[in-house]
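Each of the next two complexes has chain A plus one other chain: chain B in the first, chain C in the second.
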Partner chain A sequence: MLFLQLLVSGIQTGAIYALTAAGFALIFGATRVFHVAHGATFALAGYTFLALSQAGFPWFLGAGAALVVAVAFGLFMDFFVYRPIQRHEGSFFTVFVAAFGMSIVVQSLIEIGFGRGFAVVASPLTRAHEVLPGLYLADIFWVAIGVALVMFGAVTLFLERTRLGIGLRALSENPELLRAFGLSSRRLSMVAFGLGSALAVPGAVLTAVTSGLQPAISAQVMLVSLAAAVVGGIGSLRGAALAGLLLGVVENLVVSVLDTQWSAAAGFVVLFAFILFKPSGLFGQAVAR
Partner chain B sequence: MLHRRSLLAATALGLASPLAAPRLARAQAGAHVIGTLFPMAGPNAEYGGIFTSGIQLAIEHITADKMLQRPIDLRAQDSQGTPQGGAVGMTKLANVDRAPYVLLGFTGVSKAAAPIGTRNKTVMINGGGVGPDLAELSPYFWNVIPLVNQEVQAMLPWLQAQKLLKIALVYVDDPLGTGVLSELKNGLPGIGGQLVGSFSIPPATQQFAAIAARVRDSKPDAVYFASYGAQQSQIVKQLRDNGVSQPLLTYSGGSIPSVQALPEAEGLVLSGQAADWTREDPVTKRFVTDWRAKHNSEPTAYHQNYYNGMRLFGLLAQGLEKAGKPVDGENLREEWLRVKRFALVGGEGVFEERGTMSMPMQINQVRGGRSQKIA
Partner chain C sequence: MTAYLINLATLATIFGILAASLNVLIGYAGIFSIAHAVFFGLGAYAGAQLALQFIPDVLLACLAGGAISAALSLCLALPALRVRGEYFVAASLGLQMMAVTVFSEAHSLTGGHGGLVGIPPATLFGADVSAPAPFLGFALAVLAVLLLAVRLLMRGSFGRALMAIRDSESAAEAFGKDVRALKTLAVALGCAMAGVAGALFAFYMAFVNVESFTLEQSILVMAMVIIGGTATLAGPLLGVLLLLLLPAGLSFLPFIPPTQIGAVQQLIYGLAMTLLMIFRPAGIAGGRR
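Moving on to the complex of A and B:
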């Protein structure tokens, strides 16, 4: 029963990791911008939800406000940080430092606004009940699974069935050719940042309710996002989602055979294994040089 | 037309001026430079704010009483709660700021900073770290907080009285956690108890559902956790969310507001030094009255410890100034060895040669979001 319990916990953790990683993978896949400030988007969304919940607003208004803040921040980064750097042909490193600096600014602002401690949105959904002898399950498990399925279904449909979605997928491949088809790479980049930032919201809301928030959470979010993006295959949305799920399950299941100390490290053992034996990841394309 | 570069320069100047002015004013010649080495950012930053507020009140009192001839210049370094941050911060405080007296916290930070402070003859005061090996760390390292071995020893008779004899331990894998593990392993058999499970976690872990499953599987009477910062709240919440209904126990690190405010922390039992705010001695009375007036809340043991740490400097430096001796680390230590007994918050503080201060202990329980003494 311990194994089943760990598997169930792993799926819940993995669903949240998948939602966390998907936005980063979408933005990087479409624009090739290493958006380290995606962790800050996640933190801003989480704290917006927290602020409105503490102010007594219903959860859907809190989630809606979190969505607005996350998308606005993503667009701000695209317009006012990345584009000026790219206009001056700034290097990958310049983009990285600018985004990292912005994450620190956001963290400091959150510390000023909300304090430096731990914060959580209380919800009866997180309390587990014994559904079988020795197997505990909380209602939030079904919420996390349901939200992840709906989100990935909707985004996949958008990317595969709409002209804008197909353009987004093509953006990273050949921006010049896009122009020939009458599509604007700037507009598509905006869509990528808006949509990618919106994808951070469900993960942020679920984290605010389950494991809680603290101002420095963006570092952890980026660690998970990066690991999932590499394991899933750089730029692949479904790869990042599946890899997030895999990392969550591995982190939990490893505890059944190894010391609990190894839980967090297990995910990174998976990451190293992929880097060594399948560097293109689960759904990435191998590139011959 | 205003160029962007000029605009940026003007903005930078505008931002810098209000910050630079007090700094220039503070850096006056001959001030006593005091260092603080606390986590000011990251998951443990809540402690930095708590520790500093205790020091600030003590400085206000030292200044109001005109205890010292020279003003105090407080220089802060962010330890980030890590040994690496502790070593870097201590190096700056000792070598650049030339602080003869540094207040610090956290076991790992203290152990990393101690050799650097000792080399520079800088007195180091710990009011937050509780790892047992902080005793006798250095002749220049003094503790104004009981160490965790004292805390666990205080908890054992209470566990025996409550018949909570099978204990599972969730501990962060660092000197604090391994100290608690060792104390429980050695102490529980003495009261007829046993450690039925011990689960180590890295300091950055945030997911505890799997650990909760292992804890439940070990069927304990109570669960002790030894961690710090935001991680403590995550442990409490996630253990409760994942079906661990047994009493939760911890050490004084759990006395921070973010832990106690959690609904899941209701009933949490924690050990700590005796904090009697009803004492009538003038030092305690003034501390409690002024704290309540300033913060509109009750002080905690951490506020008390860092107030005492700063007040200790005031008393030592006052003695040195009167004797016409320079206020440096070496003389501060000599003065400390000479006096040994100090009027501090909570009563007379008596230091032992090994750099520890003996204090009575008590057991508290979180009730309605506040710690209340139960034994």
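Moving on to the complex of A and C:
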């Protein structure tokens, strides 16, 4: 039963990871920007939700505000950090360091504003019932799964059926041709950053309600989405989502075999092994060395 | 006051070695490792164990720390030979996360979270050099020797071949450079120097635990190198001075509450990293590229 319980909580964590990683993969796929400040987006959204909930606003207002803040931060990064760098040089490490710097800034601002400790938003949805003998499930589990499936379905539909979505996919494949075709790569990259950042919001709100937030969560989320994006094959949305789910499950299941201390490292062993033996990931195209 | 200054100078010297060693990887070889604290830690544990088990000779400890780190640098060289760019950053992150878990769990070697305590006072060929001033002298001598070695190596054919690889791997390969051997050597050199810094650090603190070898430390050292300026001799040292004096300087400002100094310091260096990348990507000491 312990195994089943861990599997269930792994799937719940995995659903959150999957959505966040899909946002990261969407941004990277379309714009080739390694957006490591994605974890900061997640933290900002979570703490916005937390602040409004503590101020007594209903949850949907809090979630709406979180969405606005997340999208605004994503666009801010695109506009004021990545574009100026790409204009003059744009080496990948310059972009990486700049984004990393911003996530440090966000983390320390949160620390100054909310303190270092854990903060949780209380919700009746997190009360667990016994669904099978020895297996406890809270309603939030179904919410997490449902939200993840709906959001993922919506993004897939958007990318496959709408003109804008097809434009995004074209941007990842051939930016020059896209420009020759008369589409604006700037506008499309804004769409990618907005949408990708929005994908971090459900995970942030769910985390605020379940396991709680802390300032360092931005680094943690950044590591997980990065790992998921690489394991899934950089740029592949379903790869990242599947790998995110996998990482969540592995992280939880490891506890049944080893001490809990090893659970965070387990995901990175998977990551390291993938980079050494199959750098193209689950669904990626082969990369040139 | 002089004791305080000598202490600060010793710490700056140790971090100077560490930053110079990371500069070999980032600046000259173009290997963007964010796992450097791992090798700093390996050197520290090796030096501490040597002092605790056998003989507290600081020169021997430096050699042992350097040797262990160089040997285990293969863990970093392996992904460096297989992948580049984002993938390598992800791999080094994975290595860093795994190493922290190993450091805190391998109790017999590292003392776990409690660390290794009671490292005996440093001696050199039997003479006691543990007093602050002689120890600073020894550390400075090590820094000078290593800087001279880096300068000579980087001016010679090794360094020029390395920089050729950094700028264009395929061009260097076409010129008949052995890319694999050169990269492996550069990684071993950088990591060995980090190990030496680690051994000095162990004697300086008389205590080591995993807290000094986390991802935050790796990022701090990276920030030192980047803010100072990569691929220059003076840049990393300048970065070390700036980032070590920052907390000391901030504590003199009356309007910052003492509990927030850590967060404010992080805020400043995060902001400095981002702004430098936007406006002056070669760092303070670096020329215009």
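Points worth noting:
We adopt the following convention: the second predicted complex is superposed on the first by the 286 of 289 C-alpha atoms of A that agree within 3 Å, B and C clash if a C-alpha of one lies under 4 Å from a C-alpha of the other, contacts with A are read in each partner's own complex, and residues count from 1 in each chain.
Keep in mind that, in the parts below, contacts are C-beta pairs under 8 Å (C-beta built on N, C-alpha and C of every residue); 3 or more make two chains touch, one makes a residue touch a chain.
For clarity, every value in this text was computed on a predicted model and none was experimentally measured.
Superposition of the two structures on chain A leads chain B and chain C into a clash. In the superposition on chain A, A:G146 makes contact with neither chain B nor chain C. After overlaying the two complexes on the shared chain, residue contacts for A:I112 are found with chain C alone; chain B is out of touch.
Of the two partner chains placed by the overlay, neither chain B nor chain C lies in contact with A:P58.
After overlaying the two complexes on the shared chain, residue contacts for A:F34 are found with chain C alone; chain B is out of touch.
After overlaying the two complexes on the shared chain, residue contacts for A:A264 are found with chain B and with chain C alike. Of the two partner chains, chain C is the only one that A:I275 touches; chain B does not reach it. Applying the stated contact rule after C-alpha superposition, one finds that A:Q220 touches chain B and leaves chain C untouched. Listed for chain C are the stretches 1-9, 181-189 or 271-279, of which 1-9 clashes with chain B, judged after superposition on chain A. Chain A residues 107-108, 111, 259, 261, 264-265 lie at the interface with chain B in one structure and with chain C in the other.
Every residue of chain A that touches chain B in the complex is listed here, in rising order: 2, 5-6, 9-10, 12-13, 107-108, 111, 115-120, 122, 126-128, 130, 134, 136, 138, 210-212, 214-216, 220, 251-252, 255, 259-261, 263-265. Only residues 34, 81, 84-85, 88-89, 91-105, 107-109, 111-112, 219, 223, 226-227, 230, 234, 259, 261-262, 264-265, 268-269, 271-272, 275-276, 279, 287, 289 of chain A touch chain C when the two sit together in their complex.
Chain C contributes residues 26, 32, 78-79, 82-91, 93-95, 97-98, 100-102, 104-105, 215, 219, 222-223, 226, 260, 263-264, 266-267, 269-275, 277-278, 281, 289 to its touches with chain A in the complex. Contact residues on chain B toward chain A in their complex (touch as defined above): 41-43, 45-46, 48-49, 173, 199-202, 204-211, 213-214, 216-217, 229-230, 232-234, 237-238, 240-243, 256-259, 262-263.
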